[in-house]
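Chain IDs A, B, C and D follow the sequence of writing; residue 1 opens each chain.
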Amino acid sequence: MSLAPPTPRWRERLHIVIFEADTAGGKAFDVALLIAIVASVLCVLLESVATIDRQYRQALILAEWVFTVLFTIEYILRLLSVGKPWRYALSFLGVVDLLAILPTYISLLLPGSQSLVVVRALRLLRVFRIFKLRRFLAEAEALKRALLNSRAKITVFLSSVLVCVVITGAAMHLIEGSKSGFTSIPQSMYWAIVTMTTVGYGDIAPVTPLGKGMAALIMVFGYSMIVVPTGIISAEIASANARISTQACPECSREGHDANAVHCKFCGARL
Amino acid sequence: MSLAPPTPRWRERLHIVIFEADTAGGKAFDVALLIAIVASVLCVLLESVATIDRQYRQALILAEWVFTVLFTIEYILRLLSVGKPWRYALSFLGVVDLLAILPTYISLLLPGSQSLVVVRALRLLRVFRIFKLRRFLAEAEALKRALLNSRAKITVFLSSVLVCVVITGAAMHLIEGSKSGFTSIPQSMYWAIVTMTTVGYGDIAPVTPLGKGMAALIMVFGYSMIVVPTGIISAEIASANARISTQACPECSREGHDANAVHCKFCGARL
Amino acid sequence: MSLAPPTPRWRERLHIVIFEADTAGGKAFDVALLIAIVASVLCVLLESVATIDRQYRQALILAEWVFTVLFTIEYILRLLSVGKPWRYALSFLGVVDLLAILPTYISLLLPGSQSLVVVRALRLLRVFRIFKLRRFLAEAEALKRALLNSRAKITVFLSSVLVCVVITGAAMHLIEGSKSGFTSIPQSMYWAIVTMTTVGYGDIAPVTPLGKGMAALIMVFGYSMIVVPTGIISAEIASANARISTQACPECSREGHDANAVHCKFCGARL
Amino acid sequence: MSLAPPTPRWRERLHIVIFEADTAGGKAFDVALLIAIVASVLCVLLESVATIDRQYRQALILAEWVFTVLFTIEYILRLLSVGKPWRYALSFLGVVDLLAILPTYISLLLPGSQSLVVVRALRLLRVFRIFKLRRFLAEAEALKRALLNSRAKITVFLSSVLVCVVITGAAMHLIEGSKSGFTSIPQSMYWAIVTMTTVGYGDIAPVTPLGKGMAALIMVFGYSMIVVPTGIISAEIASANARISTQACPECSREGHDANAVHCKFCGARL
């Protein structure tokens, strides 16, 4: 689209394979990448299980390095295939791609179990690469827009819930005292959130009749409150569905036609 | 519809009774079959309760064989009544029908408690025969379509949840250490799913302040996230309902017009 | 409306006070009745608390008899004020009214703690009298219609859930064995329901890795499934709201006007 | 708008800074106030944690007094800047503003740990001042209206749930006896609410087969019931969204027309 010198053929083809999913090569690359990411994440998961780690430590470390080298090659190819490497390197996905390979190399220079463990968790961000697959991007976009449109409503809702949680927490701390686990206001707030989101672990539960009565009120009230965002988002998605490709009729300028309409449904004119 | 030789009368009548529910005979057959399936499933349930099994073992084994013989006769009649027996035998319901009777016969040839128990669970698939009853098939169809239409949205949503679960699991494993049950990342992921779906058993629960704070965040965030599919499916069903009051165009016989449409939106003809 | 002899004035006035809520007298009667019902139910609740029952037994028994006598007078007045007493006595609310006073009298003839306790629970049905208050009847009607309209969808949904519960229960019984509380298929089914409805007591919870994995699957799957009725009912209520007093325009016969519309919104003609 | 003598310039400017958020000064004031409120609430939360209170008691008491003095100055400025101070002082937010500063002063006159603790909880109401920020007021208004519009439906729904809870509680008290925690009807009602809202602590759980069966029924039934308000509110918000794109009629200036209306639905004038 710009008047810059034409990109070399090999870079163009690399770009299509790596960044696009329309060609056979691009699709194969995406699927292979997805499998590699899932496999590497599985390795991290298995490594954290003590019994498995003891038995297959060598295999897991090997797999770890194979994946790291593969992802490093991929990262370098990405940098080569784009016109403006810095732009990619500083984009969200570029940073995630780098973070996915860095930790393993750093673990060579700075041996030490502590730092290694912290680093391992960061490598899990690699999973976000799954979203690079084009197929579901449109849907993800639609969901994101619905969430963004109801941003203000959700903020109001969450801050009301937070105020409720603080006041409820303080009240339960006063009512229950420190006998039944309500040892401080933050602790009681944790209980209030566990209760209002209907998770209900049961590690902290009221024991006094007054506390139980108030807990019952909070459950019903909180449950009714938490039901609000469903309504907000569902209405948002419904209206987003309805809004898709609304165009005015050139004859009678009326809107509200379906996406697949050829003629105006009110006057019959061609759209 | 084909020009094949006419099917014999007895087979036609058998087909109507077994496969259709419009005649009195067909309806009676369907209801009797439903009762037999529920009764046979109840027997399997009772057999698994140790105290009942000890007392009524003879009666339960008898009932088991009575139901198996009945279902075998039904299976043979189904094979006889259809024009292309193989097509039925290889269809999903045909395979389920066969699986519903096979285990009991196999248990004769291969005695041994182990295999018997595994086989028992398969027999429960028999319950799916309930869906052969025509009355609710249209509704099931509508539900299935709503789910299929929102397939892509749900895939995006579930994969986002999965990424959250993996990262949350790794973070909680680091924060809580192996003291309070977060012994490995898969174990922490199990906790994250139990928490995000608001099930909240309480068998694993955070004990450190940081872990509790993060759990509270996950609950609120996860709860808000899990609320999304409700919106998706509810919007889908709503738009499916709205689409119902449609009529076919007299010119091009296409459907899908709005309730307040005057002209066909495809060819412009007056509806 | 009928040509029957005119009802005596006193009966007419009694009928207005007892059965209608439009006049000042009728409203006062309804509110007093509501208070009496709530108070009598509170007495039953307090009686069941061992410590309170021991201290205030005399007062509670007295209150019990006062309420019973009041409700008996009310029942007789209702019978007197209606034209066809039998019709009222056999209606749902008439039977509930009788059941609300009978138990206390029966307890005189048949002393014995066992039967008394059973009877006490029945008296709680008295609370349904609250619904006799007219104010909310229209809303209750709308809710009931929405539920009835989605009856078929809900039946399909609940039977699918039941099949899932049976198969899940059998599978978990096989996987977990009788170690961790999954002692029989019915017991495992109870666990499956507790999990799928996201209640999650934690009295039964999987302990094997395979069981935990399957439980996680059931949670996500079950949670997504249970989300379906929300969509069904919400769509039903939405379309019920939209359907309210839709009438065709006499000029252009187009529908879709609001309930408070005076003119057709398409051609401006008077509706 | 009134013909009263013009307000002095300093009061007008003060009013703009304190009560409005459109100017740079007003915005800065609002943000500073929000930070101060959150910080003061955090202090109260930290004070309730025994270990933190012991270590930083002096700093927390100091912060407490700094915030109280700041909020007192703010309260006085508010009284000075409005035309009718009494109207503000008696409004909901005025009373909350006063309650936010009173407790600390009262604790000077009436020393004693008991009263102090009670008073501390009230101070948390200060958080409601967050809602004075204009940005989200419109959204809060929309949510409030949706809730108010469905008030009648929600009342009917909650009273039905309450009747279910009472009857369920009585039934479970009879079935389970006082063995497994169902010691009284109010206690069983607490369990019923914990179960129906799907919180499920697990501190009280049925142990008899009959009790478990009934609990399973209540879960499925209760879960299906509790799903109703979602539908109500979601439909309400959806119809509120649909009503938004309205314009006033040029003839009769009434609002509430549909997006695709050509004529005013009240007077028939062209829009």
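We adopt the following convention: contacts are C-beta pairs under 8 Å (C-beta built on N, C-alpha and C of every residue); 3 or more make two chains touch, one makes a residue touch a chain.
From a predicted model like this one, the values you see are computed outputs, not experimental measurements.
Asker: From subunit B, count the fewest steps through touching chains until subunit D is reached.
Answerer: Steps on the shortest route: 1.
Asker: Interface check for copies subunit C and subunit D. Shared numbers divided by all numbers used: above half gives same, below half gives different; which is it?
Answerer: Here the answer is different, because the shared fraction of interface numbers falls below one half.
Asker: Could you grab the centroid distance between subunit A and subunit C? Build each centroid from C-alpha atoms only and quote it in angstrom.
Answerer: 40
Asker: Using mean C-alpha positions as chain centres, tell me how far subunit B is from subunit C in Å, no decimals.
Answerer: Once rounded, the distance between the two centres reads 29 Å.
Asker: Which positions in subunit A are in touch with at least two other chains?
Answerer: 186-187, 189, 198-202, 230-231, 234-236, 238, 256
Asker: Which residues, counting only subunit A, touch subunit D once they are in their complex?
Answerer: Listed in rising order, the residues are 152-153, 155-157, 159-160, 162-163, 166-167, 170-171, 173-174, 183-187, 189, 195, 198-202, 205, 209, 212-213, 215-216, 219-220, 223-224, 227-228, 230-232, 234-236, 238-239, 254-256.
Asker: What residues on subunit C touch subunit A, complex-wise?
Answerer: Per the stated touch rule, the residues are 198-202, 230-231, 234.
Asker: What residues on subunit B touch subunit C, complex-wise?
Answerer: 41, 44-45, 48-50, 117-118, 120-121, 124-125, 127-128, 130-131, 135-136, 138-140, 142-143, 146-147, 154, 158, 161, 186-187, 189-190, 193-194, 197-203, 226, 229-230, 233-238, 240-242, 259-260, 262
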